[in-house]
Amino acid sequence: MNVKTVFILLWVCLIMPPIARAQGFADLGTSAQGFAVPQPDYKLRFPSDHGAHPAFRIEWWYLTANLTGPDQTEYGLQWTLFRTVLSQTSLLQAEDSGWNNGQLWMGHAAVTSPTAHFTAERLARGGIGQAGVTAVPFEAWIDDWVLEGTGSKTPLGAATLRASGIEFAYDMQLQARGPWVLHGQEGYSVKSADGRASHYYSQPFFDISGTLRLPQGVVPVTGQAWLDREWSSSPLAVSQTGWDWFSLSFAGGDKLMAFQVRDQAGRAFTSATWITANGRTTSFGNGALTVTPMHLTSVAGRKVPTQWRLQLEDKGLDIRIDALNPSAWMDVSLPYWEGPVRFTGTHTGRGYLEMTGYE
Amino acid sequence: MTGPVLWALLGHWRRNPLQLFTVLAGLALATALWSGVQAINAEARASYRLAADMLGAADRAQITTRAGGRVSVADYVALRRGGWRVTPVIEGRYDDIRILGIDPLTAPFGGSGLSEFTRADFGAFLTAPGLILGQAEVLERLRGKSLAGFETRPSMAPNTALMDIAVAQKLLEFDAGLTRLMVDPQQPLVQVPLGQIAPHLQLTTPQVGADVARLTGSFHLNLTAFGLLAFAVGIFVVHGAIGLAFEQRRGMIRTLRALGVPLRQLVVVQTLELLCLALVAGTVGMCGGYLMAAALLPDVAATLRGLYGADVSGSLHLRPAWWLSGFAIALLGTGLAAAAGLWQVLRMPLLAAAQSRAWALASRWAARWQAGAALALLALAAILAGFGTGLMAGFALLAALLVGAALALPLLLDQTLAVLGGRAKTATAGWFWADTRQQVPGLSLALMALLLAMAANIGVSTMVSSFRQTFVGFLDQRLAAELYVSAQNPGQAADLQRFLEARVDAVLPVQSVSRQLMGMPVAIYGNRPHATYRDNWQFLQAVPDVWQKIAEGKALIVNEQFFRRAGLQLGQELAIGPDHKRTNSLQIAGVYGDYGNPVGQVVIAERLFKQLYPEVVGQRFGLRLDPSQVSKLRLDLIERFDLPQRNVIDQAQIKALSLAVFERTFTVTAALNVLTLAVAGFAILMSLLTLAGLRLPQLAPVWALGMTRASLAKFEVLRAVILAAFTSLMALGLGLLLAWVLLAVINVEAFGWRLPMDVFPAQYARLGALALLAALLAALWPAWRLVRRSPADLLQVFSNER
Amino acid sequence: MLVSLRDVHKSYSEAAGRTDILCGVDMNLAAGETLALTGESGSGKSTLLHLIGGLDSADSGQVIIDGQALMALDDAALAGLRRTTVGVIFQQFNLIPSLNVADNIAFQARLSGRQDTARIADLVGRMGLEPHLHKYPEALSGGQQQRVAIARVLATAPKLVLADEPTGNLDEASAAVVLDLLLELVGETDAALLMVTHSTQLAARMGRRLHLQAGRLA
């Protein structure tokens, strides 16, 4: 239990920008305490950017999926690998082999059904092979949890995905049905008014199928998966307390990535990417998107909004989003809410919601 | 009404301060010795528990290599990637400190070690240069040895430093590999079987009974036995003094009742009085016990560390349970000592109390009863020795033997003196023996205390000395090679062998494999046939030409623990080998002592061992060479193979260290020996002083008949010394019996090995002399008072006599 | 009637057989009366005194003291009787060796909760015990010890004083002084006095005399 509080501190440290706080914009583009900082003119290169960026402070491979069982029961699935560097000193050892390695890896896995929510967490350090990411051939792993490219043409065109916890396990196949999608400005995604940003791109077009092993038995499932790739060194401003992030798949085949970053004053910094069924994107900067919490659920001692109204006027979008299971609390070192959602209104469909900073 | 009655009763102590002192001092000494020993044991046990609980290792399964080497990091990663929730541990000794390197990211969160850890600054712990946690004393010793930061954790296991695995690796110069993997009790749904990932690794479930507590059990048993005996000795002293007080107060009790104090009130007030005495003496005793324990603990800690590698805190903590048990024992002691007196008060008719009797065991009825009880107890002891099984029976035997012998002592003395009196030629001699005989009841409790104290001394010191002698022999046997070298990996082991072959007389590999045999954990060793073994190893039982038979691959030898626990017979066939097939059955050709080892051992020939376990590569070697070449070769090896200092150990060094440690054990037992003997001496002094007053009426007529006070005094001293001498003789017999019970019964039941008993006549003679000296000193004061007594005092006897 | 005995029997069992001590004793003693009980050694004088003092119990018959039948009383009630109603003076003085003279005198009064300091001071003065108040009994002569014992009993102002050969261990001169004091003080408090003695001289000074012979009063 105590480890958790330590981890919260740790992640708060990460979220707190080391020096940019004082220097603001002027400092962007230079290294922050030795860490690399996202550059607006950086051109993403594949497949090498699928791999790790050890010079940056934080990075993730974040996969969510909306699934359906044989009896039409809806399920959600999450598989995430986080990479972080604890400190500046650790950065010097980020490439060391052996126990000295300064990279810290964290895996989260979850399966959500309308009535249950299972989570698991793994921690590991780099340098010994227990966790890591290689770009070619693609493999991201921590312990026996793995996202492994199997595609012949592109390293991540097809993949297998595995994770297991005490009560659950899954083994899935992924097949990409569309192109990679870059958010913000060519993958440079701004997160705050003072210009904090990350490199951010997605693969929202995965078809996914496989089996879930749950306490009640093995469930074959199929559905749609969404992989996010993001890295940065100081993505949030000090005053920013958390975010609400949506990945939505419309019945018509279009997709939407939308998020707001909340600050202490209750203001929000919003951003969205409209993705057409064939992969063309439109980015919307701060202010274009409005998200409004509609209903709070008490979960794990916190009040968390599990029903939202989301509006994107430019696209004529006004929907009500409901959590499939409002209790999808991730009871891990740094706890947060993450789970599948359904929405109705001007558009209908399914998606995923992640909410952090509800303390 | 209670007030005046209590005041009157306490007035007795005011008027007899010496008696009060005896009661309080006896009780305080008994409490001090007992609670001191308990404090030491409690401290040691708490330390073991902390150490075992570090990382929750006490109840966790572990993964180690079958061959006994280190687990590779690759294996660890393979296991993790196969779904195993295991966490790596690097453990070693640095400057004799137990170094624990852990990976906080995978460590399961249980055990005291980790709760310590989680309070630490996680980032600092994990980030270079790292953080070392431990007790202040440990950190002090590590200062300057590592770049890591230090954080004091007073409640962590003693002599243990906890740090990140990377920090430990550097500190211990572990270039690769892990000591072991700890298995989380919770494992995920999907997992590749261990055998499929790494067949050379083995999963061991938590071992019951192979822990430090078991290993050190015999040491604590010694201490406990000592504490118990010391307590018994103290209680005899107190019983004597309280009994006398009750006897002397009979008249007063009668008067109080005649004046209208109800009987129940009297009993209540007397109980209250005893309670006060117990509390006062208990407090003093607890303080004494604490001081004693605090003074002895560093030696005990050093002993345990050296002998068993058990880390025990060198400083004492006050535990509430200890205080409670100390007062409980003081109360119990007072109760035991006073029960008879209180019972008599309760049953005493108001008027019959008027006649005064000699105190204690004067009446024939009491003597007969005592003889019966003594006989019954000794018979019980004999039966238990013959047919008893189990540790409890062993303890019962001990108790029956001691109490029976103590009860028999006055009767034996009485008979002896009667015989001597019958043979006396002169009138003075006749009077002397008869008078001495008359003194026995009055002195009996003090003499019993002396008997028990001396017997305890003889018994425990015989056991310790026997253990020492055996241990020294065992060291010679096991550390026969002049130099011991450990390679860091199998490749280096081969290089080492090649390098050494031409330079030493013999290279004796130490190679072993852990197996389950007859349902218990056993280490199988493959020994290279060599004269070293033939010359040095001693067998408890063996067939002729045992080493020849082993070398031919036809026979094996086993250690005593395994032999006894598995109920084996010499000549019996034992199936060893990986598949337990009949083809690998060998005859048991010998049994050897293996002291302090909790697990069984089997020794076979190296050739056979290599056939059965080809995967095991011995990395340790014993080297036989000219002792004058040892230091040179040692330096050579360290330099040429870049070995850490601790990988090349000089045999003389280990032996010297082990013996030094053993000598420290002696400091503890010697200190306890002196203390118990002092208690017994004190008992004699008090009894003689008390008797001196009572004896005046007996001595006055003899004086009147023409014997001088000086010669009377001389006889008084002589009498005390003679009684002490008789008692010492009996104590010798009893002590040897006690030693035998400890060595041959208790040890076997508790630890599975029997220590050969040696006798140490010089030690006993010294102890006897000491006891006589104590009796002499104790008798001198009353005798001197007799000499100084005015004739008027003696005359008064005649005028005052009732 | 302060003391009333009706057909009291008492015998002791010993190894040699049964010895009858008292064989049907009837006796009365009124408040303020003084009575001498004489008889040869072994005639049962002391036993009778012990029965009246509640120190021993009769085999049969009735012993009634101040209206209470002693047969019906338990140990605590008998002890209460001895604290408040009856005072016993022994031949052996029976002082408490662990208490000094002052504490010995005040002891019984303290037990019964009737500590009257003025009365005690008066007793001490008349007994001539002032110089000895802080001495312990062993340092006193026999006469002094018996005076302490008498003061101890009278300090509680009992209705009945029992004295068992109170001067038996004293020389003639001390005996006379002690007896004078005892009679004087008993007379003042209007207490009854029952004195066991074998001396006809002493018996003559008492108001009434009973002779015990072979277990019967004559």
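Should a chain be cited, it is by its letter among A, B and C, assigned in written order, with residues numbered from 1 in that chain.
Assume a residue touches a chain if its C-beta (ideal position, glycine included) is under 8 Å from a C-beta of that chain, and two chains touch if they have at least 3 such contacts.
Because the structure is predicted, anything quoted here is derived from the model rather than measured.
Of all chains, the one whose CA centroid is most distant from that of chain A is C.
In terms of Cα centroid distance from the overall Cα mean, chain B ranks first.
Rounded to whole angstrom, the centroid-to-centroid distance between chain B and chain C, based on C-alpha atoms, equals 63 Å. If you average the Cα atoms of chain A and of chain C, the two centres end up 106 Å apart. If you check the complex, the residues on chain B that touch chain C are 1, 3-5, 7-12, 14-15, 251-252, 254-265, 350-351. If you check the complex, the residues on chain B that touch chain A are 73-74, 76-77, 80-83, 103-106, 109, 115, 118-119, 121-123, 126-128, 164-166, 169, 186-192. Within the complex formed with chain B, the chain A residues making contact are 1-3, 6-7, 9-10, 13, 86-87, 89-90, 92-93, 98-100, 102, 104, 120, 123-125, 128-130, 141, 143-144, 162, 164-169, 213. Residues of chain C that touch chain B in their complex: 50, 53, 55-56, 75-76, 79-84, 88, 90, 94-99, 103, 107-108, 110-113, 136, 152.
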